[in-house]
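First chain A sits with chain B, and in the next complex the same chain sits with chain C.
And now, the complex of A and B:
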């Protein structure tokens, strides 16, 4: 690990100030489960680590504007235990799959949203794009866990966030502060992620000196009816594991017919992958085994698998189908 | 830097341990490494700011198993490295180093955490508990006895991490079901495959056995 200074601000303003001193590169530390790994391998080498964990305004969950305001530092176990979150089923489905008390007690909501890709080329020093001598190692190498959508450019990793698909389906917004002292902006979470063309661009719109402070989720009661949501993740291991693919659904059903639906796939593209094709297929129909399967089929019609990850197309197809059935309360059996 | 209590790391009671021997022979080498890093350390020409510690070693007080330790550490030092090398609390193991395997599990303020992905400076003012605290004279924590009873250990390298995970898990869910055990205790890996015994152990403890 390359030496770094250690800053421990107690307010958002102080954090932004400490993250924006000219000539000092910084990294944000919260739960640490991702950052310390990156530091250990010198994959990030900040001159200063800013520990934001003790900023009171970024903690806890509150009802705001008919929805919930989730502090960026909310841990997974606090998210799971909050009565305010009880109707957000898609997030609970994700929480159920994070099967380690060590991660549940340390991991934070924004830490998940900002988690860097688990691509093994990136984790072993070949950059986000996994390039060596101008050639993509991912394209010709072992790409079994890589992208099947949005992979025509140089980025072939998959977005690591597990909450992002469910939160984007649920139309979450994030509050970003910095780099200027009073700068604050709210943006839809779906615009937060980018597919980089160079290693330096990163995986989100966050610029150096910016951080997420809050996530806001709209309420689950709308004029059209109650929002039904779910996430379906395919995990290889029984213990702690990252999904091979996932799909999240957020929909409103009236008299048995889907009025509105947002379907977002995870771990299949460099960004959480919004499938308008799948949404279009299910809107105006009843959710049945057949229509859900048709939506799954529509979701993967434009997939472009790499040499070793064709199997993920089937996983994605099934994720969409099962997430729809789960959201509609028709879940049957296990795998 | 405090000198660790000699009795604490002399497991066999003979006053001599393998670790002491290894430490002795490595001391000369370590001294060289420290000297080099001091020379390379960047001069801190910026004005000191409150709430910012320089990259060089600064004082930090850690409360481990109820005892305070004054240490001088660089911010980059992890809790795991401090516990093992500065405090000779080698029950937490350095295995994957990437928050995956759970062998380094300790408790911070009663919650199970991976010590490999915590900075030592980040733990100042918190209550750190290691597996060594589960033994007090002849008395051991029931989780340990229950591990023995269910043969929940084979080579034993992952066991301290598992024991600490099970202890924290049962503290928060004393009546846990099998489903809850599966959802909570997946953060530790055992290469020998003793999961069955560990699950049995957790369930028996949860039933008040």
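And now, the complex of A and C:
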């Protein structure tokens, strides 16, 4: 770990100020479940660590504009316990799969959304893109956990966020502040993620000196009916583990027929992967084992697996099928 | 002197042996009071951190170690090239090779010192793919390490009713000791005290004393290890990093603690080598195996320049069994991977994983129930010491506990829907004879008893079991026995490897105890005018012909003012200990054919081990083995990246260990008829970890109708095998 200065702001304005001192690189500390790992391996070497944990405005969950406003610092434990979240099934499905008590109690919502890739080349010091001497190590190295979509460019890692697929499917928006003292921006979460072309570009649109303060989720009651949502993750282990693949569904069903559906896959591409093909396949149909399987098939039709991760295509196909069945309240089958 | 029978009491007379008794140090461990090497923090202790190489194969072009010395708090730097006669010949042969250690007042300062060292490497060609025999051959990394023929395999194959050819494999895993290798070294004048995380308390002092970098009398070295957080066969040596800590402690005039970091622990401190093989096996119309032909390969990591490399021992192939017609050939691969060390029952888990899977496939090909197939062949055992009747009895018990008859089905008939269920079995064997050891038993005039031995408790219950042996011998409660182990200053004892410790410590303590008891009986006989040869000890009293003579405490008083001391030795062929255990395991799994995920439903282990000293710690050994077995069967694996040559998952996130939710229902049944009791004590720690790989693989094959040939059975391998079978 490289020595750094420690700052402990008590307001968003103070945090933004501390993060924008010219010539000083900063990192944000919230739950710390990822940052501490990165710092210990010198994968990030900020001159200043800004601990935002004690900023009151970024805590808690409130009803706002027919939906819920989730403070960026809300822990996974608090998210799970909040009665305001009871209808957001897709997020609960993710929470059920996060079995490490430490992550439940320390991990925060925004920390998950900003979690850097778990790619082992990145974590072993070869940069975000996993390059050495200008060559992609992922391309011909061990890519069993890497991307099967959106991997034609230099980025072949998979997005690490567990909640992003469900939140994007649910049309979440995030509030970003900084780098200027009064700068504030709301943007759809689906535009938050980027596929970098260089190591320096990062995995989100956040520029140095910016941070997420809140996530807003629309309500689950719409003019067309109640939003039914789900996430299906394939986890190899029952304990602390990253999903091999996941899919989230947010849909509205009237008289048994799907009126609208958003389907987003996780851990299969450098960004949460929105599958319009899968949505198109299921809209206008009833959710059955066959139609859900067809949506799964459509979702993976354009997959481009690497040399050693063809099995993830099957996982993605299954995740979409089972997420749809789960959202429709049907048996998913499987373990 | 009263001549007492040294043998164990008739079974029904035992007060403590064979009962479920909690381990004596349980509270200390659970409450954090137990001090491990990593907890030793004497005044002025300095901390060492290691500079390791990230290349799989390289030479050092330039290095500036002095840069570290300029960092605040850094006290000294140790150059690992010192271990070579010619430091210029230093070559890195695997990822994680230690280059230097930096010692500082604080761990983080030592880390800063490591970072300050600039090294320029000349990177050389590497080879790390242990499964790739063809590639290894092309790169001249292979060598034949065994080739033996028996009978006429060709003719037997021609005559056989069923012939099966298959490919099988098992990947390398590491020891993953939760307490890494390391030590705390402190000098007082010429005396060196080492708190060492070791399985070999009595055998490591000489390695420190005799190192050319230390060179002191062995009598000046004290090794201490009261507790150890896992060794599994990897902690028998002082190791270069241990010598380094001792040298730096001397040089800097302060204690030094050096524990390997997690990545280095996984990369260089030991692993269980891989094994892959093409196997042909055949049987007649009745299912009687008539021929075996195998060619296997694997790697024990880097061996030496121009050496062929190691693989699992050919001499025990096929495993447990041997057949009239049998060919076997082995090829070792020299890879740029960390070198192997003994891993719990070496190399039986690999032998079993390759043998019992091939036999199961042959049974399926012959259309037979695997259990019936095993029953039919159980007399074809390789070792004369093995008893087929024990296996037969264990088959029956295991089958009943799992409901084999109700659950077994022909391959691929595992049910409708995505999830299929299946059952599998495998068997194993192990020696487990007592190692050479001594002890000193003291009976104090107040009736309390002490035992001293330079042994160690590696978590198996050694301390508890010594106490129970003496409590049973003297007929006193275990609370009156104090067991002293964990330093080489006590009488010489053996290393804890090969499941030799329980026999190694129980024999000498029983012998010494009986000798002491005989002397006390003489004193009692004289004092109470009874015949010494009529006396017995039990329930805190001395008895003659069923009548109480005196209390144990009154008897002990007769010793006089100082303790009665007796030395115990072993092994002795007096029936207290013996060797050779079997064991049968059966497992039921559920497999999600759409995700490749395997879940353990129920796992039954039936294990024999002769006389059981403590039933609770014995069972605990089996439970631990099954958990370790499930780990290497389903998720645990060292992943070497061909591209970089690095051990790419050397951390606790991607090196996937199961948690409690992955384990399923475990049923441990100790096979203990009187005939087992009469065999005496036999080691148990290793055998139950052998069969899980094959048993689980067989259950998966039974469930999905397809063999997933290589362990661990990850979702990727299961899905790839299903896809391949589909075509």
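Rule of thumb we're sticking to: the second predicted complex is superposed on the first by the 332 of 335 C-alpha atoms of A that agree within 3 Å, B and C clash if a C-alpha of one lies under 4 Å from a C-alpha of the other, contacts with A are read in each partner's own complex, and residues count from 1 in each chain.
Following the convention adopted for this analysis, contacts are C-beta pairs under 8 Å (C-beta built on N, C-alpha and C of every residue); 3 or more make two chains touch, one makes a residue touch a chain.
The model shown is predicted, which means the values in this text are computed figures rather than measured ones.
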Could you say whether A:329 touches chain B, chain C, both of them, or neither, answering first, second, both or neither? neither
Examine A:315 and indicate which partner it touches, taking first as chain B and second as chain C; both and neither are also allowed. second
Partner chain in contact with A:208 - chain B first, chain C second, else both or neither: neither
With both complexes superposed on chain A, which partner does A:1 reach: first (chain B), second (chain C), both or neither? both
Thinking of the overlay built on chain A, is A:181 touched by chain B (first), by chain C (second), by both, or by neither? neither
Applying the document's definition of touch, where does A:63 land relative to chain B and chain C: first, second, both, or neither? neither
With the two structures laid over each other on chain A, which partner does A:284 touch: chain B (first), chain C (second), both, or neither? neither
Touch test for A:240: chain B only (first), chain C only (second), both, or neither? both
Using the superposition on chain A described above, determine whether A:144 touches chain B (first), chain C (second), both, or neither. second
Which chain A residues come up in both lists, the one for chain B and the one for chain C? 1-2, 99, 237-241
For chain B, which residues are in contact with chain A within the complex? 41-42, 49, 51-56, 74-76, 78, 97-100, 102, 105, 111-114, 116-119, 121-122, 165, 168-169, 172, 182-189
For a test of understanding, state which residues of chain A touch chain B in their complex under the given definition. 1-10, 14, 18, 29, 32-33, 35-37, 39-40, 47-49, 51, 53, 96, 99-106, 237-241
Complex contact set, residues of chain A against chain C: 1-2, 42, 99, 118, 120-121, 123-126, 132, 137, 140-142, 144-145, 234, 236-242, 244, 309-311, 314-315, 318, 321, 333-335
Residues on chain C engaged by chain A in the complex (per definition of touch): 54, 108, 111, 115, 417-419, 590-592, 594-597, 599, 635, 639, 641-644, 646, 648-649, 651, 653-654, 656-662, 714-716, 719-720, 723
